[in-house]
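Some structures are shown below for you to check.
Here chain A shows up in two complexes: once beside chain B, once beside chain C.
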Partner chain A sequence: MELEVETVIKIAAYTGSGIAMGLGAVGAAIGEGYTAARANLAVSRNPKISGDIFKNMLVGQAVAESASIFALVIAILLLFMDFASPSLLKAAAFLGAGLCMGFGAIGSGVGSGYPGGESCFGISQQPQAGSQLTTNMLIGSAVCQTPAIFSMVVALMLIFIDFGNAPLTPTWAAFVGAGLSMGLAAIGSGYGGGLAAGASCEGIARTPQAVTSVTTIMLVGQAVSQTPSIFGLLVSFILMFKTFPESSMLATPMALLGAGLCMGFGGIGPGIGNGMAAEGAVRWVARNVEHSNELMRIMLVGQAVSQSTAIYAMVVSLVLIFVV
Partner chain B sequence: MAIEGAEIVKAAAFIGAGLAMGLGAIGPGVGEGMVAAKACEAIGRNPKEAGLLTRTMLVGQAVSESTGIYSLVVALLLLFVV
Partner chain C sequence: MEAVKQAQKKITRLVLTLSIIVGLVFIITGYKPVGKGLVLGAIFSVLNFIFMAKSIGFKFGRSKGQIFSISLGSIIFRYILLAIPLIAAVKFEQFNLIATIVGIFMIQLVILADHLLTFVPSGGGKSI
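So, the complex of A and B:
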């Protein structure tokens, strides 16, 4: 059975669209469920301010929702894309875009649920710190969304950039690898950023006067948690924009696919680990604000060590791209 | 296009190297993060012992790092030796 190029592109686009929306729905749903669960607990503790808690819950859930809205946008684009010059390369790019956005939305969706839930619970304990908690929740969950935004950027580039007449083999593997690298690496960073943001909302509710120190250490911790997803972005840019000479060997495309898988999976653990370190530091700055400098120092040292495996993964994937 | 056996072996070695390092990086990353989180908690409770706690944290993380280094070694072996 011979398939026409247009048919192959349609198959890839529809598959990519399904993957993008299916996986993209996982994270936000879990995150929003967590927010709602904490909000219920908060209302049962302090029913008199149920209106404030309800409002805060909806705002938090709306931010957590954005990751899956990005996935919806990419899925709809893939369903209704018109393409000027059909080529098999475009099929690979569509599949890569779907994988990238689908995986990329998971971490941010789950992560953004934590600040939402903890701030609802915090409002029930400290109603007078409500506006500080809402502000801090918005900052924290906005930072959590960055890995999902990176994924959307890579997916949009894969969909819209005209890669001209690059050779089909091995460029197809570079596009799928680019999607996997960014999408998978975004999982850990999104989730880790959420852990830090959740702890900061809990901390502000406990000691509202420590708000400046808590927000500062949350932002530093989240920034370090984002690095694995930035490594993923870097590798996927290299895979998209490096020109690969044509090759009939099977090993060349597999090396590029392997590079994407390596950086993608390799970014998950360090992203979560850095987030855990930041969570611990933020929680204890709120309890022991005089020693925030020591806590910041040990958080950064711990995160640097936890980052090392992401750096190994990046080295191996760069070797797979440039050396072998 | 006929694909030779040696060719398939090489392709499998590249994919295997990527998976070895990629999946192998998950555990140490999470584990070392847990160590760092608990070290922060410990310093928060008892800031006077910050030096001792930092040392303990680093030794614990170094041990937890070892599986990540095994993955790196296996990935490099798959890339350059096999």
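So, the complex of A and C:
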């Protein structure tokens, strides 16, 4: 059975759309559920301020939902867009876009649930710090969304950019690899950023006077946690925009697919590890504000070491792209 | 639940006012599809937020099974709701796609902007 190009494109677009929305819904649902669970605990501890807790939960869940709305946007585009110049390469780009957005929304969705939940619980402990907690939660949740935004950008590029006369083989593998590199690498960074943001809400509830130090360390910790997803973005860009000569060998496309998988999987652990280092620093700064400088230094050294595995993954990805 | 209602009212009022003003500016300056797309996206963003807030109160005093069904139904319904402006923007040229996408994130953008604008100058003042 021989398939027409348009049929192959439709198959790729529908599959990509399903993957984008199916996986994209996972993270946000878990994150929102965690927020609601902590809000329940908070109301049971301090039922008198249940209104404030619900209000905070609603705002937190609305922000945590962003990752799945990004996925919805990509899924709808893949389902309903009409494309002028159909080619088999476009089919690979659509599949890559779906994979990129689907995986890329998981970490941010789960991660942004942590600050939501911890701020609800924090309000039950320190009702007078409610406004500070909500603001800190919103900043933390917004930063958590960054890897999902990177994923959406790569997915939109794969959908809309006209890659001209690039050869089908090995470029198809480069596009799928680009999606995997960004999408998978975003998981760890989104989740790790959430750990830091959750700990900062817990810290502010414990010591509201430490809000400046806690927020500063949270932001620094989150910024470093985002690095593996930036590596993923870099490898995606190289895979999308480097011109690869036509090849009939199977090894060449597999090397490009391997590059995407290597950076994608290689970015998950460091993202979570960096988040754990930031979570520890933020939590203890709230208990020991006068030693915040030492705590930040230890956090940064720990994150640098944890980051090294992402750098190894990036080096191997670059070797697969440029040398093999 | 009064606090939730008040917060919901304030956020939705801000989103609608802001999107209508910005949308009108675009329409007057000749960027009609951009203005229409922004307002369309923002309206559905507000509807999604209202249903999200309403579903919290609707779940009280019900059995576990009923809560599960309501939650699942609410999520599916809200995603379908958000898909409507996107499909309209993809299918009809009267609505700019990018502006519609920005519009469906108006609730999140306004929540963040409101908190940051109130919090930064006052050093931790009261917001929504």
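Methods note: the second predicted complex is superposed on the first by the 324 of 324 C-alpha atoms of A that agree within 3 Å, B and C clash if a C-alpha of one lies under 4 Å from a C-alpha of the other, contacts with A are read in each partner's own complex, and residues count from 1 in each chain.
The criterion applied here is as follows: a contact is a pair of C-beta atoms (placed from the backbone, for glycine too) under 8 Å apart; a residue touches a chain by one contact, two chains touch by 3 or more.
Just so we're clear, the structure is a prediction, and the values are computed from it rather than from any experiment.
J.: After the match on chain A, would you call chain B and chain C a fit or a clash?
T.: Result for chain B and chain C: fit.
J.: When the two structures are laid over each other on chain A, which of chain B and chain C touches more residues of chain A?
T.: Ranking chain B and chain C by residues of chain A touched puts B first.
J.: Return, as a multiple of 10 degrees, the angle whose vertex is the Cα centre of chain A and whose sides reach the Cα centres of chain B and chain C.
T.: Roughly 170 degrees separate the directions to chain B and chain C.
J.: Looking at A:Q222 after the superposition, I want to know if it touches chain B, chain C, both of them or none. Which is it: first, second, both, neither?
T.: Neither chain B nor chain C is touched by A:Q222.
J.: Can A:S189 be said to touch chain B (first), chain C (second), both, or neither?
T.: neither
J.: In the superposed arrangement, which partner chain does A:T135 touch: chain B (first), chain C (second), both, or neither?
T.: Touch status of A:T135: second partner only.
J.: Tell me the contact category for A:S248 with respect to chain B and chain C: first, second, both or neither.
T.: In the superposed model, A:S248 contacts chain B only, not chain C.
J.: Looking at the overlay, what does A:M81 touch: chain B (first), chain C (second), both, or neither?
T.: second
J.: Using the superposition on chain A described above, determine whether A:F54 touches chain B (first), chain C (second), both, or neither.
T.: It touches chain C, and chain B stays clear.
J.: After overlaying the two complexes, what is the shortest C-alpha distance between chain B and chain C, in Å?
T.: Superposed on chain A, the two chains' closest C-alpha atoms are separated by 26 Å.
J.: Where on chain A do the contacts from chain B and from chain C line up?
T.: Comparing the two interfaces on chain A, one with chain B and one with chain C, no residues are shared.
J.: Across the complex, what residues on chain B touch chain A?
T.: Touch list, chain B to chain A: 1, 3, 7-8, 10-12, 14-19, 21-41, 43-45, 47, 50, 53-54, 57-58, 61-62, 65, 68-69, 71-72, 75-76, 79-80.
J.: Give every residue of chain C touching chain A within the complex, in rising order.
T.: Interface residues on the chain C side: 1-4, 6-8, 11, 49, 52-53, 56, 75, 79, 82-83, 86-87, 90-91, 101, 104-105, 107-108, 111-112, 115-116, 119, 124-128.
J.: Sort out for me which residues of chain A touch chain B in the complex.
T.: These residues of chain A touch chain B: 184, 188, 192, 228, 248-251, 254-255, 257-277, 279-281, 283-285, 287-288, 291, 294-295, 298-299, 301-303, 305-310, 312-313, 315-317, 319-320, 323-324.
J.: Which residues of chain A touch chain C in the complex?
T.: Counting only chain A, the residues touching chain C are 21, 25, 29, 51-52, 54-55, 57-59, 61-63, 65-66, 68-69, 72-73, 76-77, 80-81, 131-132, 134-135, 138-139, 142, 211.
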